[in-house]
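Order of writing sets the labels: A, B, C, D and E. Residues in every chain begin at 1.
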Amino acid sequence: MGERLTKAQTIGFSITGMLFFFGIWVFAAWVKLAPREFLPFPWDVVGEGLKLLIIPFSGLTLQDHLAASIGRFMSGFFLAAAVGVPLGLLMGWYRWLDNIMTPLFDGLRFIAPIAWVPFAALWFGAGIGGPTLIIFAGAFPPCLINAYRGSLFVEQTFIEAAQVYGASGIRIVYEVLLPASLPSIIAGLRVGAGAGWQSLIGAELIAANSGIGLMMVRAQAALDTPIVMVGMIATGIFGVLIDFGLGGIEGWLNRNRGR
Amino acid sequence: KDLQEVRIGSQPALFSTLPFLVAEEKGWWKDVGLKVTITNFPAGAPQIAASRSWDVGIVGSVPAVLGAARFGLHTIALAEDQSAVNALYVHGPDSDNYIRDPATIKGKTIYLTGNSTGDLAARYCLKKFGLTKDDTTIRSMDQAQIVSAMSSGSVEIGALWAPNTYTVEEKAGAKLLCSGKDAGVLIPGNVVVRAEWGNAHPHRVAAFLAVYLRAQRWLEANRKDALVLMKKYYAAGGVTISEAAMNKEFDRRPTFNLVQQLALFSRGSQPSRVDTIMNIIASFSKEVGSLRADEPLPDPKSYITDKYLKLVNGDPKLKSFADLNGSGKGQ
Amino acid sequence: MSNIVFSNVSRSFRREGKNFLALDDITFSVQEKEFVAVVGPSGCGKTTCLRMAAGLEFVSNGSVAVGGKEVKAPGPERAVVFQQFALFPWKTVSENIRFGLRSLRVPRNEAEDRIRCNIRLMGLEGYESAYPHQLSGGMQQRVAIARAYVLNPTVLLMDEPFGALDAQTRTVMQEELLRVGRANPRTVMFITHAVEEAVYLADRVVVMTRRPGRIREIINIKSIRDAEGWQQYERIEDVMDLESFVHLRTQIWRLLREQNERVAN
Amino acid sequence: MSNIVFSNVSRSFRREGKNFLALDDITFSVQEKEFVAVVGPSGCGKTTCLRMAAGLEFVSNGSVAVGGKEVKAPGPERAVVFQQFALFPWKTVSENIRFGLRSLRVPRNEAEDRIRCNIRLMGLEGYESAYPHQLSGGMQQRVAIARAYVLNPTVLLMDEPFGALDAQTRTVMQEELLRVGRANPRTVMFITHAVEEAVYLADRVVVMTRRPGRIREIINIKSIRDAEGWQQYERIEDVMDLESFVHLRTQIWRLLREQNERVAN
Amino acid sequence: MTMAARDRSGRTQVGIAVVFTVVGSWYLGSKYGLINPQLFPTPEQFIAAGRQLALGEGYAGGLLLQHVLQSVKLILLGFFAATVIGVPLGLWMGWSRKAEALVGPVFLLIRPIPALAWIPLAIVWLGLGDAAKIMILLLAAFVPSVINSFTGVRNIPQAIIEASQMLGIRGWLLVKEVIVPGALPSIFTGVRLSLQVCLTALVAAELLGAPLGLGKILYQAGLDIYPAMILAGMVTVAIVGFALTAVFDYVERLSMPWRTRN
């Protein structure tokens, strides 16, 4: 494996990489690889982003759009986690449940979350239920799969130890399967959060009246590429933040167990 | 006094929904005893699919047909005549040729938003150019996609509606090839109500209608103030629009006052004007397949009604309220 | 009553569509308060036997009874100490030890007393709230044993409990087990690969044959131990130097080597 | 020339921001064709020593030289047999054995001859195209040894090569190692936890102390073995019954127990 | 319960039974009015839509088979592009900490941007042809390939790497014979996920004025508010996903003979 880097080297290389990325961007914009209104300079985008903090676009400022998106995200993501994780654990323990759920689930996972948009409108109208359903469709599979696989691959000896020491049924699920597969569950939540966030933005591009996705699609229709890019970068940054947050929990858990 | 609730389904940054802002600013909802909540939808399809979450609303005439056939939406008035702002635009080096001789678009690809008023206008334009269904290739895309594809040069011919039309005109230099009006088809925007809700609360519908008509009259009468409001309203929908374009919006979109509405809706022995218009639109829906083969064309009598217009007309208070000048109020 | 009785037990597993016999006509018993070690070549079915007594595995034929009752399911009166310790990594030392008591519904005060007592017995004081990964292998194994002892099980089933320890820690644990066993004897079935360990700890040693697992011989250690007075030595290495010990060890060793030869030819 | 010389080697690791000394002033050597076993408490730095000779780990102070040249990087002339075998799971037995020859650029015919010869030596005929997971632990370890032998290394470094095997397989492997070593002696550094194994196999045994790892004593086995004529016995159990063997074993055992006591107090 | 509960064989039969049960209750639910046909299609509507799509006049510009072929073509191209870029990138980042530090942050930032958000830029840069659609699929699908190839390399046991060093293996031989096969199980996990993502990103890609395609069916049926057709589209996507994954499984088994037992 490549030799380890010092902290300073890591930071140095990261900055180099970022500079390289922005360098290509600036170069492409500079030689007019695409017209300026479609390929602005990075500083145009930053300027636009700062402007958006004060001057509303499509009725709301950047932070208001972001807040609207995050609000929707939370409801869908928490629902996905609250349903997916216990269901996955139970599927890992009760074979009949596994047998019932797995074939249904195997079909559903190929269906794009945004394909649910028309059903979301039909079933939930304009309420919060629609976006919740779509985020749920994105975030649920990883939450479920990781809890399921995590509990399926819990070492047999833990389960047998629990049985020998008198535990059974639900007590095994919450005292053994849950903690034993927690790292896997957190990893699943992490992937699920990313997927949920992406499907939310996707859904907002199609049906919403606030949020980062809406901001982007309106900007696109108004040929305002810098705002589209502000939206992409805001999406990216918030996605990274979610990932970091859950990644931190994951690391903490693993450290606590001496991994 | 208790205000009565009305849930409005709307779309942002449209001329036909601008009256809601006027009413809001002027406090007219309260004047007729209503308390409204407005929900915005990005397009007609999700709006009617979600029609359980609103009571009255403004939709394009094409979704209105679908709404009538599937979701029991009744057309109770016309919002405006949009024929001039649903149009085919051309862009690129050959655009002048196309304008000079529209028949030369034969064999080209036209991008439009399927099953929309833009689609309707485009098909009538093709008919006018003497082209049949198979002479061009039709591709369906969302308006935002057409706008960016057109201005970046990957689309030569696209069907758009306002205010996207102004964006491509002003920011990309696209040119008008043919509007619905040029093609001789009348494309209205529809004021609709969920039938069972309307039957349960006819007076709220009438009050709503009166306010809407009054706001339209006010916009017509006060162009200067109206432009200020409009700019603000469009900006809130993410559309920056020039002074010239706003004036075009007013000029290209005739509205109808109560008297005209009643005339349009009146059925004697023959079908009313609106019946005829909506029949054209319904046949179009059938032709493009959004009304399925097994679905009958909705009978105009079953979903087009002047019942609420008559309620307004029959109530002196509402009648004079709807007719801004007559009431002496406002401003 | 807490003896373990294997009567004509056999067990076959299905593999690749075929039945193959893993245990064949196993009959032996562990008397009350007796310590029996089971040795045998790898794969001969030692673990399977122990799991049957624990109720984690079922017989194909014959029967396994503990305390006169046929074994049907696992239960805390038959505590198992697993080779890989099987401590719950997400529970502290005292939570691990407490786990079994919860299903026994021992009153809170008594439970705490018993936990404290066993923590002292195993020399784990000060580590009550440590997590397993913070302990050395030997200490982890002591926790596993404490978790079994705390239940006051009538029967203790140990599957190579010291297999994962290094040689030095292992001897310490062996001496400790002997010390605790002398103070408070129990019925123990103990599986090991290490012949010295079996001879050092057990009252009787059961030697099994290679597949299908059968009983080759049962060797009585206790009589020799008592006759030669091994008890007087505290240290394992002192016992291991005794001729009587060396001879027993070599006797068992030869029995096992026999098995390997049989396969090689 | 293929001796291994550790001169005043020390090594410290950083852990939690602090430097801590793992090996302190280690000086010993393995003569050409000598078999030296290293024993010591867990964590005393045995593996670290071996890895230094292999070139997988570096000294903080002092030097490690093999064949008179300071060790800088790993290489096929110093073949390592790892505790966990470290076979390539995606290669068959013969591919695993062949792999090292590819970097040595051995001519094709010679390579095939050497592979065949080592497969025979290790009793792996018929398993040439099996994958490691299809073999038992003992057979996997034989493949790992064949992979090392086939390189004709001047030095063989073995880190608890039999640690993962069960006791019976282990004795078979020990006897085999001795047999092969007699036929074709090499310079071997052999790490183990099992004192018997060290005494049985080695010419000299290096006993290390607990952290920081120092050399406690170096015990010469060869002189006693030759004097007592252990060679005449084929079987390990025959040797293990000899008094000379038992005494050497117990001597080393006591040295190790000393370490454990020191920690306990 | 212990062993049996965790042995997952014999699932197929149960799976088929479950599917039958679900379809059966859907049928009965619609028949007895427990399911509002406005909100969810009845089996009759679904079959009619399926017949229209597969045998009748078609929908959204073509017959089922044409849509499937077009989409499968797009999926395979996008999948190919995603793995050809993603796997080497992940391997490189896994092998070299410098590469990880260099590329990691940019990758991290780009990763959460949904496929749909790239549409405006894809149109502007690549127009409306297949290239733009493949770019959308690529951007969505290369992520799991990168991540899993990366972790695959990182999880190669240190002992394996050291064994190769000891044997004097380095350079290209090391990559070819050790790194790639060592990471292969994880690479396959990632590539399989990439395939799944290609299917879910199809709707986004085909928003770019596709003439045909499963995504287009879903888009058009959404515009037409045609629930039965949406369901037919979804079922088709699921079947195509199933079929492609089955092919993939077969390739995977062939590629890793050392993992198949006996």
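Note that in this section contacts are C-beta pairs under 8 Å (C-beta built on N, C-alpha and C of every residue); 3 or more make two chains touch, one makes a residue touch a chain.
If you want to know which protein each chain is, UniProt gives these names: A = NitT/TauT family transport system permease protein; C, D = NitT/TauT family transport system ATP-binding protein.
This structure is a prediction, so every number in the text was calculated from the model and none was measured.
Novice: With chain A set aside and the rest fixed in place, how do the remaining chains group by touching?
Specialist: Without chain A in the graph, we get one piece.
Novice: Any chains in contact with both chain A and chain B?
Specialist: Expected: E.
Novice: Quick one: name the chains whose C-beta contact count is the highest of any pair.
Specialist: Among the chain pairs, A-E has the highest number of C-beta contacts.
Novice: Using mean Cα positions as chain centres, tell me which chain lies farthest from chain C.
Specialist: Most distant chain from chain C: B.
Novice: Centre to centre, by mean C-alpha position, how many angstrom separate chain C and chain E?
Specialist: About 50 Å, centre to centre.
Novice: Mind checking the centre-to-centre distance between chain A and chain C? Centres are C-alpha means, answer in whole Å.
Specialist: Chain centres of chain A and chain C, defined by C-alpha means, are spaced 49 Å apart.
Novice: From the mean C-alpha coordinate of chain A to that of chain E, what's the distance rounded to whole Å?
Specialist: Computed value for the inter-centroid distance: 17 Å.
Novice: Which residues of chain D are in contact with two or more other chains?
Specialist: none
Novice: Give the residues of chain E touching no fewer than two other chains, as numbers and ranges.
Specialist: 2, 38, 119-120, 124, 222, 225, 262
Novice: At least two other chains touched by the same residue of chain B: list those residues.
Specialist: 45, 49, 144-145, 148, 152
Novice: Would you mind writing out the residues of chain C in touch with chain A in their complex?
Specialist: Going through chain C, the ones touching chain A are 54, 56, 73-76, 78-80, 82, 84, 86-91, 99-100, 102-104, 131-134, 147, 151.
Novice: What part of chain B is in contact with chain E in the complex they form?
Specialist: Going through chain B, the ones touching chain E are 45, 48-49, 66, 70-71, 111, 113-116, 137, 139-142, 144-145, 148-149, 152, 154-155, 289-290, 292-294.
Novice: Write out the stretch or stretches of chain A touching chain B in their complex.
Specialist: Against chain B, chain A makes touches at 34-35, 37-38, 56-59, 117-118, 121-122, 124-127, 130, 206-209, 214-215, 217-224.
Novice: Across the complex, what residues on chain A touch chain E?
Specialist: Against chain E, chain A makes touches at 1-5, 9-14, 16-18, 20-21, 34, 38-39, 93-95, 98-100, 102-104, 106-115, 117-119, 122-123, 152, 156, 159-160, 163, 194, 197-199, 201-202, 205-206, 213, 216, 220, 225, 228, 231-233, 235-240, 242-243.
Novice: Which residues of chain E touch chain A in their complex?
Specialist: Where chain E meets chain A, its residues are 2, 4-6, 8, 11, 14-16, 18-19, 22, 38-40, 95-99, 101-106, 108-121, 124-125, 153-154, 156, 158, 161, 196, 199-204, 215, 218, 221-222, 225, 227, 230, 233-235, 237-238, 240-242.
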